[in-house]
Amino acid sequence: MSSISLRTITKSFGDAMVLDGVDLDIKDGKFVTLVGPSGCGKSTLLRILAGLEATDAGTVTIGKRDVTQTRPSLRNLAMVFQSYALYPHLSVAQNMLTPLLMRDLTKTQRLPVIGPLISRAKRKALTAQVDAVAQTLKITELLTRKPGQLSGGQRQRVALGRAMVRNPVAFLMDEPLSNLDAALRVHMRSELTELHRRLKTTFVYVTHDQAEALTMSDRMAVMMGGKILQFGRPDDIYRDPNSLAVARFVGSPAINTLSSEIDEQGTLTVLGESMGRFSGLSQQSVVVGIRPEHLTLSKTGRFGGMVKHRENLGSDVFLHLVVDGHADVVVVRATPAHAPALAAQVRFTMSSDHLLIFGADGQRLRAEHTTSKVAV
Amino acid sequence: MSSISLRTITKSFGDAMVLDGVDLDIKDGKFVTLVGPSGCGKSTLLRILAGLEATDAGTVTIGKRDVTQTRPSLRNLAMVFQSYALYPHLSVAQNMLTPLLMRDLTKTQRLPVIGPLISRAKRKALTAQVDAVAQTLKITELLTRKPGQLSGGQRQRVALGRAMVRNPVAFLMDEPLSNLDAALRVHMRSELTELHRRLKTTFVYVTHDQAEALTMSDRMAVMMGGKILQFGRPDDIYRDPNSLAVARFVGSPAINTLSSEIDEQGTLTVLGESMGRFSGLSQQSVVVGIRPEHLTLSKTGRFGGMVKHRENLGSDVFLHLVVDGHADVVVVRATPAHAPALAAQVRFTMSSDHLLIFGADGQRLRAEHTTSKVAV
Amino acid sequence: MGNQRAYLWCIGPALILMFLILLLPIFIAAGMSFTNYSLGNTSADFVGLENYEQIFTRSTYAKMFGATFRYVFLVVPMTVGLGLGAALLINSLTRFGEVYKTIYFLPVMSALIAMAIVWEFAFHPTIGIINATLERGCGTFLEGWTWYAKGCARTFPLWLTDRDYAIWTVSFIGIWQGFGFNMVLYLAGLTGIPRDLYHAAEMDGTQSAWDRFCLVTWPMLGPTTVFVVTISFIRSFQVFDTVEAFYPQGGGPSKSVYVMMFAIYEKAIQQNLMGIGAAITMVFLGFVMILTLIQRWLVERRTHYA
Amino acid sequence: DDKVTIEFAYPYSHLFDVTYENIMPLFHEAHPNIDVKFRATYENYEDANNTILREAVAGELPDVTMQGLNRQAILVDKGIAKPLESFIAKEADFAKDGYHQAMLDLGTFNDEVYGLPFSISLPVGYYNMEVMATAGITDVSDLPKTWDEVIATCRKLTDAGVDNPMFWGWNITGNWFLQALMWSQDTPTVIGNDFNLDSAEGLKSLEQMKALFDGCDMQNIEWKAALSSFSAGEIGMMFWSTSAVGAVERSMGDFTLITNEFPGMAAGGPLGLPAGGNAAMLTSTSQDPAVLDAAWQWLKFITSGEGAAAVARTTGYMPPNQAANEIILKDFYAENPAKATAVRQLPLLRDWQAYPGDNGLAATQVIYDGLEGIVTGEYDDMAELQEQLSEEVQDLLD
Amino acid sequence: MLNGFSTRETVKHAVLILGAIIVLLPFYVMLTYSFKSPHEIMTNTGGIFGAQELFRDDYCIKRGNPVDACMVTPFIYNYVTAFSKAPLLRYLMNGLIVTGSIFVIQVVVALPCAYALAKLRFWGREAVFGLVLFCLLIPVHAIALPLYIMLAKLGLTNSYAALVIPWTISVFGIFLMRQFFMTVPDDLIDAARMDGMSEYSIIWNVMLPTAIPALMAFAIFSVVAHWNDYFWPRIVITGNRDLFTPPLGLREFKGDADGDNFGPMMASAVVIVMPLIVAFMLAQRRFIEGITLSGMK
């Protein structure tokens, strides 16, 4: 009913092409995040969806309706801005009331002094709606305050409230948490997830923080250079990225990437060790990606290295190893209790199940692992 | 030689006591971080050390010299600010030159027009020093730019450069990375560690980001409410906190805390299950802390719960479990491949080796675990 | 820490000058206003409230208040309104905004005394460009307007020396001269409004420019407006140059343009009567203070956000 | 090399700039070692007077200043002007220089000479004969002799389509024209410390003015604008000081200018008229005898001989110095009939009265404002105005 | 999408152009009159630049010169007369000296004070700031009288000092700069202290360069006010032309009632008004930026 669909959206600012034929289909009720490095066009895409920016080409469809030429106020979308964009001169209640007044009152009923007089009943009904939403968001006791008197998290909730009162087709959010401090961010993360679960309205959520994207969303779109590189479930994207760029962007610390070779037989050699045969791959140079948690310290590991740097995060230690006989550095996750000291010689294994193979163009080569030679 | 020592430093702003008799000894060449929640007095302590703020009581000693009354520029400390605080109207080279000019030139030699004329040779020597530092930091090609034309990371390096040219006794840094984006922050983290390793100068580093503190420092001081709660090696503090406050502050997601009981025999009961006897503890209510990575999913675990919320970070999944028969929620770390779905019933174990027991006053109760009843 | 006494050197000179140049004169004026001091006399007599009594009873001073208030209450709303209007229009332009901005600011930059002389030419009853232009309209449909017909029949008004027109003409010049200043302040204020707020308003369903103005622009310009209004009040209370240029003697036809600054000048400088001049000064100060206090109060009360 | 510089200031640049430009070369020839530095001109006599008063306080006085005849007294009272007696005493043949007693009297206070008159004026009528012709007046003898005739002429002119038939110089310096109407009835405006407007003559003067302004539908224009309008040929009759004849002749367009006697309240013409003009006063604060002597030389030069003659040549004023009048050839007034009118009126010459005390300037202004109210139509009831003015001015004079 | 329609834009331009015509009218009058001969002015002929036909300078003839020597081109005559009749160059020079010194002293006094109020902590700071806010209420014109008497008693009237002294303190400047300095991060100042700068050199070497936009705005406020000020010079300079500022220079022409001098008078008006207009055009971008940055209350 209120699915959203963007078709070949193109947008340039001057010479710079910011969006380059973006397609995106969002099913009704989903929580979709747009992630990507700064400047990749996330905000621009969201603003095009909202109608705040005109497209150069492409169409925006909401429900069955083509809204490409419709002005923002008629699209029935609600937006939560990074800066919250609350009206500083209005109280919280008035802030939340504004979209309702704009929608439901006539021009005369909105006139400064006489307006409130001639539309008492209507306003009362609307105020009741505001109260209901305020209750949901637990900001009832803030209703008379001005935004300036609120903390970051409270403002966040008011901004949400202002969006919620309207029962919009979808919520658009542009980095709504990035102004909050770390602890509050984690807290608001779960509140938003909870809210989405309750409202079941579509959320389109822009962030450059992958933790947010990974933990909150049903679907995640990774954008880079004005294109959507991959769109899918967050864990699928983490596990099964389509390209090196996506693999590198998602995950912290970043995935280890190793230049490797595939010979005529399809045998992959990583750091001098054969990792077995892969069907369907011809002889070529490839890049192999493997995440730190998939490298395991083991006395009998096939690979050896020297600990060059240790990052102890308490729960995990990330060891930066210089691989014996190679210039490559790999990051290995270890448990603090058993983590070797700086400059220690260690050995580690690499599970070929978790190897991600990328071609020279950075595209994922999806290959069947044929020899079931398990890593030692 | 250039150890730093702070003795009973006290400072109030108006009525608010910000530092309450802080003692801190920093050995020469160490990398010390001050962590703590916002407003706990970290910056104030650093500024007192720098001489930018006067103490109400207490002494600051650098080397053997009491510098409590010495002006900042004569303490030979260098400071790197969160905002970098580069002079916006001066080029990078001039920014780095300024502290040298101030230190080495007489007043007349610093006069606008004639100054440069009468101190050519001296200035040349100082410029050479700047060039050397610029080379170390790889910013030689930026020397003629203004700070406004630099990226965040580059500014960071210039700020460091300005500090380094002076060969200070110690570097003081107040959240120098907090203005950078996530990726750059991780990168600069290792650059700073590397720099410290090379220069072997004392670093005093303020941050509220525990990842920074844990990964970079030799010693870490956890501050709260104007006091240093614990000072020690980062992994010691993570593993072995002295108080509940420290335990809670360090680690993300935060440590699970469970109200528990110790009976007359010294037996600890957590979530209704006995965790064995602890010597030296009398009957009392305690708080037990256990980190998410020390709870393990296991079909045969003694504890059961229902998955209420999942946070999938790709490398790990954090499960928020409502413990069967209790209102408590515990967070358990699981591997994504084996993580149960939302609302699933799971069982988990708790290793009593990793239990941290805190008294009602929040102080750690260091107890010997006597019955070696291993968790099932 | 640094030099603990540094602040003394920083604020010392300013404080001393503030006292000598701004505060001391107020005390002197206050004292003098109770005397009949005449410059050049060695002494003066204490006359109590006589000077003030004159100010509030003599018809001349009634005219002074009349002229001042007429001027102020015409010029302030007009300069503020036109300044805001111009700023909004210019701000909404895609091109050439700079040109208008510069043109509208020209009068602010120009010495009012010089421009007053020019206006005097422009308003000159016979050779002035204004009446000359009006005369060209004679014989056209404009004559249907009785006022115009009358002008054609004999002469168009003596804009500057006709008792019924003088204050309005001078006010017009005040508006002409002052609105560009307010425009610039408003432009500065407008650039301070976050674009996000307009987008939020759009998302909230505002469709007309008027709604946007009511919901975002006007409230956000609150602090600017308070500042602009106060500055405009003070500036128009201080009008002098035009009056002196047009009416060096007497303050306009039947004293209809006898504004307070000119009265102070006439009494104290032209006639050396410092006592009464000081008394007018005190009344003047009183007005300005009250206005500014109202402004402060408004700022404190209404615009406590951001 | 021992050049002496003296500072000097005078009013009415439009009248006197030419005069001093003519005098300067002559003076330099006679006194090559004296430099005269001109200060900015005073706008009018009020400005001249008050500027001097303020400069006295600041210790910035010029060495010689030109003051309106009616404004000398206050400078004497305040001790700002220096008596000239000692300099006069040193002059061997002062009388021969042409200063005769009647003229010296104008600058004599407390039996001492303080001011040497420089230029003397009287009110006259200026007529644009081309305009007057439209009212059927072509000959000097047909020009109006009384104010009632003026009003009648105005009617004719208006009927003939003249927009501005007449300008009457009510706004001239020092309420000079009010005093002219008072003296016309042979009544002084000030008697001792009393303002004499509350007399029958006073009321008559006001009413005469009102009748004139109404009858001629006179526009309220600034006097400078009036002068230029008259010069441009737009005004038929202008009643003003003879002083402006030079300036009007210099700038007038293509028409015939005739000046004639000031009309009277009654058929016989005025019984008296106030003397206008200004006098040179020594205000130097210098202790240096060389400076003082130089100032005296300048003062003497401009008020006698060739210096004074330049006044007559360049302005409409009469030089108050016989020697100067002799220099001007007898036929000067025959050649310049417009400048002769005032000479004919000389027998009527009376005092231009000052309002005594600190409030003199203020009193002048109050009267000015009152007269303006008649022009602008603010006051209709002259008796009421008379009472109001008398009260207010008297208040200032007490 | 939010862009206006082009007819709307046209209407806006129409309104603004109409306004511009009214605003520019006197400037037009001033410029054309400064090009025209007296006759053209009186008869309103000659178009914008005047016909530039030679005309007879009567004044020159009165001085006894032959007629051929007194034929002048209006444009040249007007401007030459402007500069010769009144020593206009001298007045412009004075204007420069006076506005320059006023601005420099204001900055020298206000900047440290603004800095202390924004960035130093000391006992009584709030009180001092309160005093500044209070003084902001006092229009200097209103206290001109006692100031004048004070200067007169000191014998300082008719001097540059009289033109400059009353304006040496600009509370507005203090306020404006303080608001701006509040936005300068404390870190920058601390960094300078760590680098070994004294408070004094922080003000001039760090704060001053960062405050350039605000300073520009202040410069325009200050220079416009004092270059154009007529009231105060009119009071304290009584007659000594050597001290006249440009606006006073115009008085010299105002004394003329005969109309011959309209041209030169307009020419001097042009000369007096021009410098600021040119200066503003050069500085205008940063000017608006400056007031934007420094915020208003």
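Quick notes
The first chain written gets the first letter, and so on, giving A, B, C, D and E; residue counts start at 1 in each chain.
Keep this in mind: a residue touches a chain if its C-beta (ideal position, glycine included) is under 8 Å from a C-beta of that chain, and two chains touch if they have at least 3 such contacts.
Quick caveat: nothing in here was measured; it's all calculated off a predicted structure.
Each step here moves to a touching chain, and the least such steps from subunit C to subunit D number 1. Relative to subunit B, the most remote chain by averaged C-alpha coordinates is D. Ranked by distance of CA centroids from subunit A, the top chain is D. The pair of chains sharing the greatest count of C-beta contacts is C-E.
In this assembly, the C-alpha centroid of subunit A lies 92 Å from the C-alpha centroid of subunit D. Centroids of subunit A and subunit B (each the mean of its C-alpha atoms) stand 28 Å apart. With centres set at the average Cα position, the gap from subunit C to subunit E is 17 Å.
Averaged Cα coordinates give subunit A a centre that lies 56 Å from the centre of subunit E. Residue positions 52, 71-72 of subunit B are each in touch with at least two other chains.
Residues of subunit E found to touch two or more other chains are 2-3, 42, 152, 193, 254. The set of subunit C residues that touch two or more partner chains comprises 2-3, 39, 127, 202, 269.
Taken in their complex, subunit A has these residues touching subunit B: 37-38, 181-182, 186, 190, 193, 208-209, 211, 214-215, 234-235, 238-239, 250-253, 291-293, 309, 311-316, 333, 335-336. Listed in rising order, the residues of subunit C touching subunit E in the complex are 2-3, 6-7, 9-11, 13-15, 17-18, 21-26, 28-29, 32, 39, 82, 86, 89-90, 92-94, 96, 98, 100-115, 117-119, 121-122, 127, 129, 132, 176, 180, 184-185, 187-189, 191-192, 202, 223-224, 227, 234, 237-238, 240-241, 244-245, 261, 264-265, 268-269, 274, 277-278, 281, 284-285, 288-289, 292-293, 296, 299.
Within the complex formed with subunit D, the residues of subunit C that make contact are 36, 38-41, 58-60, 124-127, 154-155, 158, 161-163, 247-250, 253-255, 266-267, 269-273.
Subunit E makes touch with subunit B in their complex at residues 185, 187-188, 190-197, 206, 209-210, 212.
Residues of subunit E that touch subunit D in their complex: 42, 58-59, 62-63, 151-153, 155-158, 238-241, 244, 248, 251-252, 254-260.
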